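Okay, got some structures for you below.
In the two complexes below, subunit A is the common chain; its partner is subunit B in one and subunit C in the other.
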Partner chain A sequence: MENMTLLDFARGPGLQWALWIFCLGVLWRIVGAMYLLGTKDLSKFRRNHYIRDGLRACLTRSTPAEAFEDKIRFQHISGYAWHIALFVSVLFFAPHILFFESIFGFSWPHLPNTIILFSGAVATALLIALLIRRVVHPVQRLISTIDDYISIVVVLLPLITGLAAFAHIGGRYETMLALHLLAVELMLIWYPFSKLMHAFMTFPSRYQSGTFFGHRGVKA
Partner chain B sequence: MNVESTSVHELEAAIENLEPTVERLGLSDEERVARAKRAFLRKLDGRKAVDLDTCLHCGMCAEACPFYETTQDERYAPVHKYRLLRRVYRRQLSPMRFLYRPFTPDITIDDLREWRHYVFDACTGCARCDMICPMGVNISSLIRIVREGIGAADLMPPRLQRMKDEQQQKNSIVGVDGQRLRQEIAKLNEQGVTVPIDKDGADTMLLTTVTELRMFPSQLGACASILTKAGANWTMYPDAFEAANIGYVAGDTAAMRVATKRIVDKAKEKGIKTVVVGETGHGYQTLRWLGANTVGERLPFDVVSIIEFIQQAQADGRIALKKQDNGASVTYLDPCRLSRKGGLIEQPREILKSMGFDVRETEPTGRENYCCGGGCGEYVLSTGSELRHRVFELKKNQFDDTEADGVVTACASCRFNLHVGADKTNWQMPIKSLVETVAANMAD
Partner chain C sequence: MRKDQNLGEYLRSQGVSRRGFLKFCSATASLMALPPSAVAQVAEALAAARRPSVIWLSFQECTGCTESLTRSHSPTVESLIFDAISLDYHHTLQAAAGHGAEAAREAAQEENKGEYILVVDGSIPVDNPAYSTIAGISNLDMLKHSAKDCFAIVAVGTCAAYGGLPGAEPNPTGAVAVSDIITDKPIINVSGCPPIPVVITGVLAHFLTFGTIPELDALGRPTAFFGQNIHDRCYRRPFYERGEFAETFDDEGARKGWCLYKLGCKGPITYNACATVKWNQGMGFPIQAGHGCIACSEPRFWDKGGFYDALSTGDWGSREALLGAAAVGAALGAGSAIRARARKRKAMAEEEA
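Up next is the complex of A and B:
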């Protein structure tokens, strides 16, 4: 009964509160940044192709320039692998799709469980590898803040509890499912206060970098 | 020792005489910190907030920084260099500051003194880090703000402090003033090169730099020959000729404004339509891209680099360049503020190719080229000499790999830095100026 109560909480008010905090927090942070406004550049631009230069940077920054590739290959590949594995696990697992359908009202095809299990395991392993790298690599260790570590842990928890629930290990299924949901809710609550916000900031940042350098005639 | 090496030592000695290298008294530690924070907050806008909020602390920028690459010292990672700015942002400006403040330490006077080394001795603002960031963070502009904060705290390296004070108060740099300009022009006149001074009705104004005048006056002569040959109605003004802006270099925005305003006011007063900036990277940047923002109004004249002037004159048929017939090869050193931060990447190469040179590229090159190690005042700092030399070695090896007959650049500071490095290592590759090369190859 107690476990069911935990699951009920996780499915009900816990999820609602987490989503509210997530949405309002993200909005607050985006509006807050916009409120600071930009300083108008009075220089005479060499190029005036704002949109083209901005969109180009959104695209080109997805892969490093050839001159840098050798030095950042691990981060480049592991970054892509981690995000792809995460999104496959989140978006194409049948129970997840049912959950999204209950919210959005539409669904999409799912992938076989073996693929989901594999991608979940890959995402978890890669995140642990990136955590270890952050602790071991001298530059990353120096520049890391508590946010960097907490964010990794907060993203790891839904993955680990999800895999445990999927594999029926660590306790009763309902208990593990409740823990998985609570872990997701913890991530949603942590999200707007942390570096996880980069999901909303990356493209604006790339865009403004593209226009900044584009004004000067540099394809960035 | 050749003539150029003698000039290099002359300028080095002049800079050495700027000591004592001690911190100027006058401000309390609290006031210095408060000033630095005010300078940070003045420059933090929505763009910078997005940049700071987007940074993932992935550390990739370190792999683009020549100072990190040549030392493997993690403190030189670009992301670390703007850490103080991030702390002030999170404590005082971030939309989440109420949450971050208890967990984010305030900046201290010791921090400012420590970061002075990172942002002056170990950063030339070359912006190579901007090119690698997968998030598109404009890292160099964030580091630049830290430099300005330390400048506002009057904690810039004492040598730069002396130089920017001199420029701000006396309109001269290491003693090079309007009088010295007249002397150099008189020498050029004896060589048959005419430089009009204070000419009425001129529509084009040429700027040069202290480095050109003290070490490479032939660069000024070459610019003069090119402008005259192209039929420009041009002149120079002894009270507004200096493109170098030590206020910018030192992170002192007030001093920077004074130097910029001298040029802008003179150009406006004389009805100048085009200001041509000689061979200088930061001089071009401070007027071309930052000038209007510094004085707070759009400039009523065009600012062009001598590179752009040459190319336009070629296109208009006002000058023609002779083709080399000996198959000589050169490699080109991109001054960071002309190329990556200025958009002049292809143009100098096209000029060299139009003279028949076999232009050989270093690896990497163009947008991703490495700084010479001496940019943004770095080349005058005694505290940065070892780091600077390491970066020079990196560049030297790249130049050598091209097996070119010589290296050409379009910035007197870069050229100076290469000469200093060449002198220390007995490097033999000829170091040439683009304008001198052009002037020597102008068809009659």
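Up next is the complex of A and C:
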């Protein structure tokens, strides 16, 4: 196509490739992980409450162990706040809903832009704070891998470009919109092959651990 | 207008009062983003201006641009300015026809060498020159020939400026813009489908006043008219901010004048003077009439997705393709898990042995 602008690319081929890679990668990882579930547990069979144990683990693992709470309170609270702020701005901004609707075929109510702007700003600020903490906190730095850093930056970029496009700063709107889309596409491509997969894996793996513990009679 | 008359004399002879003329000058000055102090200067320069020779070439077009201009709310100073130029060649408007018309064009070019303004509407087919010819001359040849000695080119309408509708996918005639062919002359793109009449005359007024090329944006459009974003100047913007959108063209929201984003409005990526200068004697513009902007002043606006698809939707392909990618992913996942298991089994067997 001649004269394709950055925005045309971001809204067309860029978006298509990113979504294909995303779908392919996510399914690859999920199916691969599901097959691992079939591994036989050689330990003696101790309890028969698979579902209850699994669900319980989903809950108990969602809060830090009491012994640690004092040390990681900031991380705990800001982690939740960041996820909520992110979900609000991603899922309840009218233009985003229109995008999802075009793919899934159904929509849901949106929130006024002021709320979206606020939650977007909160999400961005928190993620930056968490990134800084990761760099300066000795323990956190020790356990962080390059995957953590890239994943944070890759999520930060859509947030920053989205806010800039919304506020009409940093460039003409169509340029910022194109950059926002490209940032989202970068994230979609990085997603399946990184820790971002936790969005799909967290609860299934907690559930799996729960049943596993149950099987072995572990109280956790 | 007689050749020896200047613009001021001509307008007076047409009954335009000094007051009316000054009003036009101050409107033009403000359109051109000049300070109020420049109005007197604009008036003086315009009044003394000699009629410039204009050659207007129409290629692959629908005559909408000429319609837009000639149907502009006459008789106003804008239309009189248009009358005041010496339109030496224009298919639709000239009396001469056939070879006589072509001879007039040649004569005007010869007489006003280096000074005439070449206005072009319509795109130029380059796949096969025979797709569009005038008096047996291909558009391509005529453009090159007429551009050679002109002072500047005004590409009127999105077709001449960027290829427009004829250039839309799959571009069957190989339509291109004026700027794709002529590279050694100043080109002013007055885009729009059609452009706002006042913007066309405003550019001519700029020529008459300053004898120079106005400041242009990255797409070759005069910033004075195309510097503003429709969405930024849209009176429905507060509804956008509040998240109040019309869902259909006749729902409650539409009746209340809510934002048309969901109905496909492309205002946020469009630069034009519609929201400020407006159409039909400043009466309104498409968004005011209840229809979203279709980005008609932007390159390739025909190929930017459906006019009624919201800007944020994008062309993400098809569900089948996404499901296909997911199926390939699942197969890969299953494959790698089976391979991993086989490896494990082999390792265990080796250990036991």
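The definition used in the following text is that the second predicted complex is superposed on the first by the 199 of 220 C-alpha atoms of A that agree within 3 Å, B and C clash if a C-alpha of one lies under 4 Å from a C-alpha of the other, contacts with A are read in each partner's own complex, and residues count from 1 in each chain.
In this section, a residue touches a chain if its C-beta (ideal position, glycine included) is under 8 Å from a C-beta of that chain, and two chains touch if they have at least 3 such contacts.
Predicted, not measured: the structure shown is a model, and the values here were computed from it.
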item	value
First (subunit B), second (subunit C), both or neither touched by A:68	first
Which superposed partner A:28 touches (first subunit B, second subunit C, both, neither)	both
Subunit A residues touched - subunit C or subunit B, whichever exceeds	B
Touched partner set for A:11, first subunit B, second subunit C, both or neither	second
Subunit B versus subunit C as contact partner of A:218, first or second or both or neither	first
First, second, both or neither for A:181, with subunit B first and subunit C second	second
Which superposed partner A:49 touches (first subunit B, second subunit C, both, neither)	neither
Subunit B and subunit C contact sites that coincide on subunit A, given as residue numbers	28-29, 31-36
Contact footprint of subunit B on subunit A as seen in their complex	28-29, 31-39, 41-44, 46-47, 57-58, 61-62, 64-65, 67-68, 71-72, 75-76, 79, 137-146, 148, 192-193, 195, 197-198, 201-202, 204-210, 212-213, 216-220
List of subunit A residues in touch with subunit C within their complex	1, 3-5, 7-8, 10-12, 15-16, 19-21, 23-36, 94-96, 98-99, 101-103, 110-114, 168, 172-174, 177, 181
Residue numbers on subunit B that touch subunit A, as the complex places them	44-51, 53-60, 62-64, 68, 72, 74-75, 77, 79-80, 83, 93-96, 99, 103, 130-138, 288-293, 296-299, 302-303, 339-345, 363-364, 367-368
Residue ranges of subunit C in contact with subunit A within the complex	162-163, 169, 229, 231-232, 240-243, 245, 261-262, 268-269, 299-300, 303-305, 309-317, 319, 321-323, 325-330, 332-334, 336-338, 340-341
